[in-house]
Amino acid sequence: MVKMFIESLKNLTQKPATIGYPHTPSPSPKDYRGTIYYQEDLCIFCDLCEDVCPPGAILFEITNAAENIREYSYNPYLCIYCHACVDVCPKADEGCLVQAETRLAPLGRDSTLPQDVKLGYFMAKVTEAKNLDRKWDAFEARAAQSRDEMAEFKAEKKRLKQAAMKAKKEADAKTKAEAEAKEEVQAEITIENNVETKTETKKEPTKIASAMPQLLTEPKDGKKDDLTQIKGIAEKIELILNEKGIYHFQQIALWTEENIKWADENISFVGRVKREKWIEQAKELLAKK
Amino acid sequence: MMAILFTLFAPIIGGFMYGIERVVKARMQSRIGPPLLQPFYDFVKLMEKRPMMVHSFHAFMGIVFFISTWFAMAVLMLGNDLLIAVFFHIISILALTIGAFSVRSSYSIMGAMRELIHLVSYEPVIILVVVAFYLVTGSFDYRMILSADTIPLLKLPLVFIALVGTIPMLLHKSPFDIAEAHQEIIGGPDIEYSGPFYEAVYTGRWIEYVYVFFLVFLFGGSNYFVGGLLVVFTFLLIMAIDNSTARLDYRKMLKFAWFILIPLAIVNIFFLALGGNS
Amino acid sequence: MGSKITVTFGSQHIAIPEPVSFVFETENEIITKVDVDVGYVHRGIEQAAVSKFNFNNVQFLLARVCGFCSITHAGAYIHGVEQLLGVETTRRADYLRLIVTELDRMHSHLLANGHVAEVCGYENLFMQVVKYRENATEILEAITGNRVQYDYYQIGGVSRDLSPEHIKMINAKLVELRKNVLKMRDFFETDYTLGLKTRNVGTITYDMAKEYNTAGPIARASGLRMDARNEFDFLPYGEVGYVLQTRTEGDVWARNMVRFDEVINSIDMSLYAVNNLPEGDIKVKVKGKPKGETFIRVEAPRGECFYYIKGNGTKVMERVRVRVPTYSNIPVLRELFVGSLYSDAQPIVLSFDPCLSCTAR
Amino acid sequence: MSMRSKSPWILHYNTGGCNGCDIEILAALGPKYDIERFGMLNRGNPKQSDILLVTGPVTLKCKNVLRRLYLEMPEPKVVVAMGACTHGGGVFRHLYHVENGVNGIVPVDVWIPGCTPRIEAIIDGLIEGVEIWKGKTKEKEYLVGHGDDLLKKIGAIDD
């Protein structure tokens, strides 16, 4: 008590230990683990950083499956700055992935996002800071979907290749005597046909995974129901539903489990149909009508 | 005229004292601390908050605390009787505790109980201080005390020590910040107040500073310089004690007040009375 | 004041930053009944360690089990994986690991002690302790690149090396810290009002400590000679001058004192290790995937931390089991509360230095 | 209005993080950084606080506590989310007992990046929060889109 009393009075006469941070900038320590910067022209797209990132703050979105074009995206607000991606990067020494010594400034609701090319495509594309984490959620789903598409595309390609090989072998066996030129033309035709089917499957990739409900090309009698009466369906979702071919309460009321799965995958985020009880609501509304 | 002005500006003076306190406290902890006008910034901020109350009686009691503390100050300055001012101060504390008892928060109820123990601890000493003033100067009027020939401090050294001992209890300073106990019951009686209603309680506390340091000032008698010096010295002493002690239990506070401070004051008054008779 | 009052302490409370809920039933402010709920922080880390993460980046997840003892959690896991892989780390890496582990212990212990002072209403002492604690965190920031989450351990070694400038800086700061910690210990030891609040409060006797299976500074403050650093040699504690610290009083004050003694010992060990750093690489190359099972006991700042890990030759572990010191300290905590004052409850809780994010994971 | 910005009081709640951020908040109260320079106090009382400083990824058990704390604070108020966990869960993203960040529970105004952030970043974030706070008014803020079920239960909004 007495010692602290003296210490208090001593502190009163001494200069405070406080640093004047916002007014006088405090020194950035050397080798501080800060933001990850990326250089696209050095990247070999090995995806190692994406695999290793513990929170999943680095994602590669495949924008063009046919030509295998990937876009690097990074969320510095989700990053835990653990240095794992830089450790694993084979081109880190050349500066493909670099950990800077500073961190980004805090992100206010209305402040502009850091527009730096080295932060990847996500930060460059997003304009508003509000609800950034939800945008990242949506982006994550999109990137996962793009990866599924890529896998599907690859599987399709492999299957086609095998089919083509098989066809070729059979053709070889059957018509040994036939002219070679003719054979080639035939193969080309099959491949061309396959390319067409490929693009078709790419358009609606999830069709295979789950059953589609009954869809219409246009509303019955040319008059559609106001789907926004169902709680949980906003105008935006209604637009999506209309685009897919759902115009009436009846359609929603008739959904089965598999249809719900389809809706989860194609319309809104998972579980929403069940949680918000769209089907029950649709039935009620139908009864009211 | 001076008295009216002093009463009117009591919250402002108290606010300044609180501001100085926070700066000095921060410096003693080797920090820079908030600006001097910080209490007034808090004041403006709290006024701009949305009024949110538990129930109207609770909010009303907070305002009664503020008004009756200010009224005690006014009585002290205008009604010219120290004893009545002391009783009005008791009423203000009772209003606060009644308000705190009227809500269902356990922290608030606990804080109110502790606040009552505070009252039981320091109020006898303050009454003894007032009685001692009467014995020295023959009046309950502060103007008579301030124009007395003698410096009361010289005749009442033990009473002064007793008063200094009670100041931490009255102002909720460590080691006797038991009713406030930020780490235990988070403000105690004030916990459920918010926005403008907390404002009333917050400002009422500032007036208590003026109230108690005015009592200290009276020990200077007609010599205002000694009075001012006493206030500054006591203020720094209270700050240093606040910064060098841990919070004690309420039982220890009660023992300290009744076994040490009150006997101290009584002994002083006793000898004073003996000396006066002979 | 006769009637019973039920006081909740948590899950949001100023005295304890973590979400934990104690419900006290008090009579005259004396606690008669306690209810503890520690589950607020459960995140499912053990499950994630065997499903979402590969074996070579589980340590980043486990480091975030707890910010105070992040280095021990990551360290325990990595020691285990190295055992399974049969990796021998270099002596330089061992020394560097030891330095960072001990620095972590220093800043954790100092903050714990400061926090006890804070909840005792002794704000100034808290401020002084935090002021001097900055020395330790500054060193950690310079060595590892972050003040709290270090991510310093890697499988096969450590992530960064010490340069001669670092060694110079560490020496200067540790010597200063040692001086100031001695001063702080003096304050804690001799302060009268703090003594009223901490001495003979929340006393755990030797038998109680043994019976309730306490760990760490809490056990050592009751005279129980147990410390995983003394028994296991994952790190070269025997070479750097480790001394087991015990006290016999078993109260809040003794726990603070044990922590201060350990801080002093840690500073001495770190100083020795920094100045006698062996030459060599900081990392060895690692190949293969962990197979088999093992257990590891390491000493976290709060006590003994037990890890059981099992690998099956794939890149995902089969089981990672974490048992943390606070988990074994909670039962005795309940026992201590009954009969003590409500105003003593906060010092008792904080003197245990509870880490609920470890306990619930 | 500018006088108001000099007195933000903080309510800190850890929603299941690793303590790292809480350590740094304690250190920020300490002498070296001393956030009381800006008039900031750690009140620990929702009714008297202006800034809700949240750390942690929001476990399911903490979810309703966080919402209640937010609703108990009188307007104007801001939410400052600190650390990577609060932005989509950080390293605990998609774990089974985690809500993936604060923004789904209460509307976040400022994010402070880092795991854990430097104290300089905490100060920056709080100042940024105060800037947003200056523009807010007494008007009631609902948790629209943040789980109205609880709001209905406690009678904050009508069905």
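The chains carry the letters A, B, C and D, assigned in the order they are written, with residues numbered from 1 in each.
Here is the rule we use: a residue touches a chain if its C-beta (ideal position, glycine included) is under 8 Å from a C-beta of that chain, and two chains touch if they have at least 3 such contacts.
Source: prediction; values computed, not measured.
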More contacts between chains, A-C or C-D: C-D
Central chain (by mean CA position): D
Centre-to-centre distance between chain D and chain C (centres being mean Cα positions), rounded to whole Å: 27
Chain A-chain C separation of Cα centroids, rounded to whole Å: 39
Centroid distance [mean C-alpha coordinates] between chain D and chain B, Å: 35
Interchain centroid distance [CA atoms averaged], chain A/chain B, Å: 63
Residues of chain D engaged with two or more neighbouring chains: 31-32, 34, 37, 43-45, 90-92, 94, 115, 118
Chain A residues counted as touching two or more neighbouring chains: 1, 4, 7-8, 16-18, 32, 54, 80-82
Residues of chain B whose C-beta touches two or more other chains: 26, 28-33, 182, 186, 243-245
Chain contact topology (line, ring, star, complete or other): complete
Residue ranges of chain D in contact with chain A within the complex: 31-34, 37, 84, 87-94, 100-101, 103-104, 108-115, 117-118, 120-121, 123-125, 127-129, 131-132
Residues on chain B engaged by chain D in the complex (per definition of touch): 22, 26, 29-35, 38, 40-42, 44-45, 48-52, 182, 186-187, 191-195, 198
Complex contact set, residues of chain D against chain B: 3-4, 6-8, 31, 34, 36-39, 43-45, 47-48, 50, 74-76, 138, 140
Residues on chain C engaged by chain A in the complex (per definition of touch): 53-54, 56-57, 60-61, 64, 124-125, 128, 131, 141-142, 144-146, 149, 151, 154, 159-160, 186-187, 190-194
Complex contacts: residues of chain B adjacent to chain A: 24, 26-33, 239-241, 243-245
